[in-house]
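What follows is a set of structures for review.
After this come two complexes, each holding subunit A, first together with subunit B and then together with subunit C.
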Partner chain A sequence: MEKWYRQPPHQGDIGISTRVRLARNVKQFPFKEKISSSGQIQLNQMVKSALKRMDLGHNKFGFIELQELSELERIALLEQNLVSRTFLTKPENRMLVLSEDHSVSIMVNEEDHIRIQVLRSGMDLEGAYQLCNKIDDILSETLDFAFDDTLGYLTVSPTNLGTGLRASVLLHLPALERIQIIPQLMKTVSRMGLVIRGSYGEETGVIGSAYQIANQVTLGLSEQMEISNLQNIVRQVMESERGARADILNNIEVIDEICRSYGILKYARMITSKEAYAHLSNVRLGVSERILEEVSLETLNQLLNSVGEATLSVRANQHLNARERDLDRARLIRDLI
Partner chain B sequence: MEKWYRQPPHQGDIGISTRVRLARNVKQFPFKEKISSSGQIQLNQMVKSALKRMDLGHNKFGFIELQELSELERIALLEQNLVSRTFLTKPENRMLVLSEDHSVSIMVNEEDHIRIQVLRSGMDLEGAYQLCNKIDDILSETLDFAFDDTLGYLTVSPTNLGTGLRASVLLHLPALERIQIIPQLMKTVSRMGLVIRGSYGEETGVIGSAYQIANQVTLGLSEQMEISNLQNIVRQVMESERGARADILNNIEVIDEICRSYGILKYARMITSKEAYAHLSNVRLGVSERILEEVSLETLNQLLNSVGEATLSVRANQHLNARERDLDRARLIRDLI
Partner chain C sequence: MLCERCSRNQATTMLTQRVGGRTVTEHLCAECAYKGGFSSLFNGFPFDQMVANLARTHRASGKRCPSCGSSLEEIVESGRIGCSECYTVFRRELMPTIENIHGKAAHIGKRPLHRKEEPPKRLLLAQLRDDLQKAVQEENYEKAAQLRDEIRGMADPE
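Moving on to the complex of A and B:
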């Protein structure tokens, strides 16, 4: 089954991917470290039973005991944004529910008892939220979630209290970045209770002009309101980006850069992840704006999700050193582009 | 008719082109500036008559009054090594005889009365010399060349006295350059009465790892001996280059560089001549060593002879500025590669 990022993206000219996640805790178990091992195992079993009854169409759930994965496989999951870093710190008794296409990942016994995540190709907050909500409904049929009439859903971190919902859209903003108005945009957006941050690794800063816009407020709003607030801002940012693109693409230097990036990706024999992300970003701009016809956005999405360090090693079925990764990464890109 | 540089090159893995030139003066006319205008016109006529009887096969001579060309056309001739800089300083009464394929160019009323030049694709000293010699023979049937029994042919510059022959081979030496033994090679070769210098513009230094090996001594040797001396050294340099290539091509970094250069040339939308020559050099190495199959040496030779500033302007039929040339150059390369 094809992975979620191979699906035709909604508004893929700018939207790279959408993520919606709900944090839930179950009344009958203590929160956080206080839950016993047997409680954790029981919780895993309850989630499994509940989800087995769910109809995902052609898609299917897999149930993965985290401690049965190799170190490398775990890091690859993190690299592909399927689990949190917290989830990996203590693998014991933790379960990951992963749909075959990787669009749904449910961490059980993370910081919160349950974290439901749905990923979508492109900008598709509605679609991602609806599926997340559906899973939430199915689970609450058999699980009694901790809920307070004033506060809403109870979570370990107070920043999640209320809806427990975190929604974000990863946007490709090369033009806004080039005309240097991202810092200003960040200020504006934060005044609206949202946040923009550069994506692909918090340590490494912005890679490939990809920026994540996410909600910050989970208290005092309905899930649907949070989603539609975020959606409104995202749409405005996308419109600004489209305008800025129209300007910068009058510039033959920009076109030249885009086309060279394609040539380099198509022929390089070794490439670092940093360089690859930069060229993939240029090529994505070229494809979105119909300057390059040779490659699809789906393929670019696939590459973004395939050229990470651990993911390459898992694919090669062995631990690769930096040089081997650079060779493999270049080969994979050549093969797909 | 295809230009000489589109011919399959002899030993084209390293040999780019071969040039043989003979300087001759005619007894009945004073040398250099002392020849009168009417003398010059008479000389042009005599050369024209002599050559009209020569059979060049499918090739044909054209007879060009230098002063009838535009400034740009003249510089383009220089750029393509068909005339000397000296020849262009005073266009009056100067005639260029140019074969349709540009392999033969004869300057009449240059510093010397007559300079016969033959260009060949690849390393082909014998072929170039034989044709030069044949033209010399034809001309000497009707023209009485200034000749001294002790000194040989008399020329304006003492450095040409004797045979009046200057032969050179343009070699592509990226591997010897990379392992940094060219300076040492220059010393060795100069002790043998030859010279190596970086080619494509004396002002700009070595471009595209192209080096010219030429004879220096014209006195006291026969033409044939000069040619075979040069040929021996050239063969040894070619062997060294082949050995060095075998070494450096074990290096994936070098392969990567070659392939990236191809990708850049294939997709860039604007490119300076300096950058173009550098990438063309990498690609030539790749093609010679069968790393790249996508392009022929003939096409690379054509590009080397087409991407110069004046040549691009003549081709566009207007004076192009730097930016326009960079665009045109990239387009030409994309079209051919």
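Moving on to the complex of A and C:
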């Protein structure tokens, strides 16, 4: 079965991926710090048998005991956004439920008892939420979730109280970055009650011009309102990015940079992850704006999920050193692009 | 650059959010960023002194959650609640923190399947009307339209 990131993206010219997650706790067990290991094991069993009732169509759930994975395999899961960092710190008694296409990952015994996560290609908040919601329905048929009339779903951290819903969209904003209005955008977006973040390297600025916008408030809004608030703002950001792109793409220097990046990815024999992300970002802009016709967004999405250090090692079935990784990374990119 | 929160790891994430009515941009390590910058939930906000004082009073009183044994002090220190019962036992003490994060609000979203009984509709409607008024004042018309639909939807069956 093809992985989720090979699906054609909605609004893929700017939307890289969408993530929705629900936090749930089971009433009969104390939270993370206080639950016993027999409680954790029992919880894993309960989730497993509840999910046996779920029909995912062609997709299937796999149940993974975190302890049975190698260190590298665990880090690869993190690189592909399938688990959280917290989840990996203490693998004992933790279970990951992973759908075959990796679009659904359910962490059991994470910070909250259950975290349901759905990933979608491009911007698809509605689709991601619907599936999350369906899984939550199935689980709540047999599990009694901790809930309070005023505070909603009760969570380990008060930041998730209410709906327990966290939704985010990862956006590719190279043009807004180039015209230097990201700081202003960050201010505006956070004023709307949302959080915006970018991952960056030492001196390179934000990696791959990728910014994640997420909701922050989970109490006092319905799930639908949270999703549509986020959707409205993401749409506006997308519009400004499109406007900025129309401007910068009149510039032959920008076009030249995009095409040079394509050349490097297509022919390089060794490439570091930093370099790869920077060129993938340029090529992505070129593909979205039809300057480069040779590559698909699906392929670029696949590469984003494949060139991480641990992911490359797991793929090669051995621990690769930095030089070997750079060789493998360049080969993988050449094969796909 | 080192993480501005833990000062231990390399900062890899720039995070901008609204905290207590102000826009804050922080440079955080992956670990702190995952916690949404909220890792020290009870520190760094104007009210932490208040919560810390409460915790001190509580240590004296020795009040603990009968279900999981957590004291308020433990909760404040870790930023993590011990069990669902803690929310009842320490509700009064936790409310200022909760309101600082979410505003004064009550849950209006989904409910677990077997707990279908709705909270009093009157309260929900009042809350929604408040929000609507605020949205109109802020000229946030998209939100206002949404709220109006929601209020209409609730009023319908009666």
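Following the convention adopted for this analysis, the second predicted complex is superposed on the first by the 330 of 337 C-alpha atoms of A that agree within 3 Å, B and C clash if a C-alpha of one lies under 4 Å from a C-alpha of the other, contacts with A are read in each partner's own complex, and residues count from 1 in each chain.
Just so it is clear, a residue touches a chain if its C-beta (ideal position, glycine included) is under 8 Å from a C-beta of that chain, and two chains touch if they have at least 3 such contacts.
Small disclaimer: the values here were computed from a predicted structure and weren't measured.
In the superposed pair of complexes, A:I135 makes contact with neither subunit B nor subunit C. Within the superposed three-chain model, A:Y267 lies in touch with subunit B and out of touch with subunit C [touch as defined at top].
When both complexes are overlaid on chain A, the residue A:L173 reaches neither subunit B nor subunit C.
When the shared chain is aligned, subunit C comes close enough to touch A:S190, but subunit B does not. By the touch criterion defined above, A:S222 reaches subunit C but does not reach subunit B.
Contacts of A:I16 after superposition on the shared chain: neither subunit B nor subunit C is touched.
When subunit B and subunit C are set side by side, the one touching more residues of subunit A is C.
In the superposed pair of complexes, A:I75 makes contact with neither subunit B nor subunit C.
In the superposed model, A:I255 makes contact with subunit B only, not with subunit C.
Looking at the complex, you find that subunit A touches subunit C at residues 25, 27, 29-34, 84-86, 111, 133, 136-137, 140-141, 144-159, 161-163, 165, 186-187, 189-191, 193-201, 206, 216-223, 225-226, 228-229, 232. Chain contact summary for the complex, subunit B toward subunit A: residues 252-253, 255-256, 259-260, 262-270, 327, 330. Subunit C meets subunit A in the complex at residues 12-18, 23-25, 30-31, 33-36, 38, 41, 67-70, 78-84, 87-88, 94, 97-98, 101-103, 105-115, 119, 127, 131, 142-143, 146, 150.
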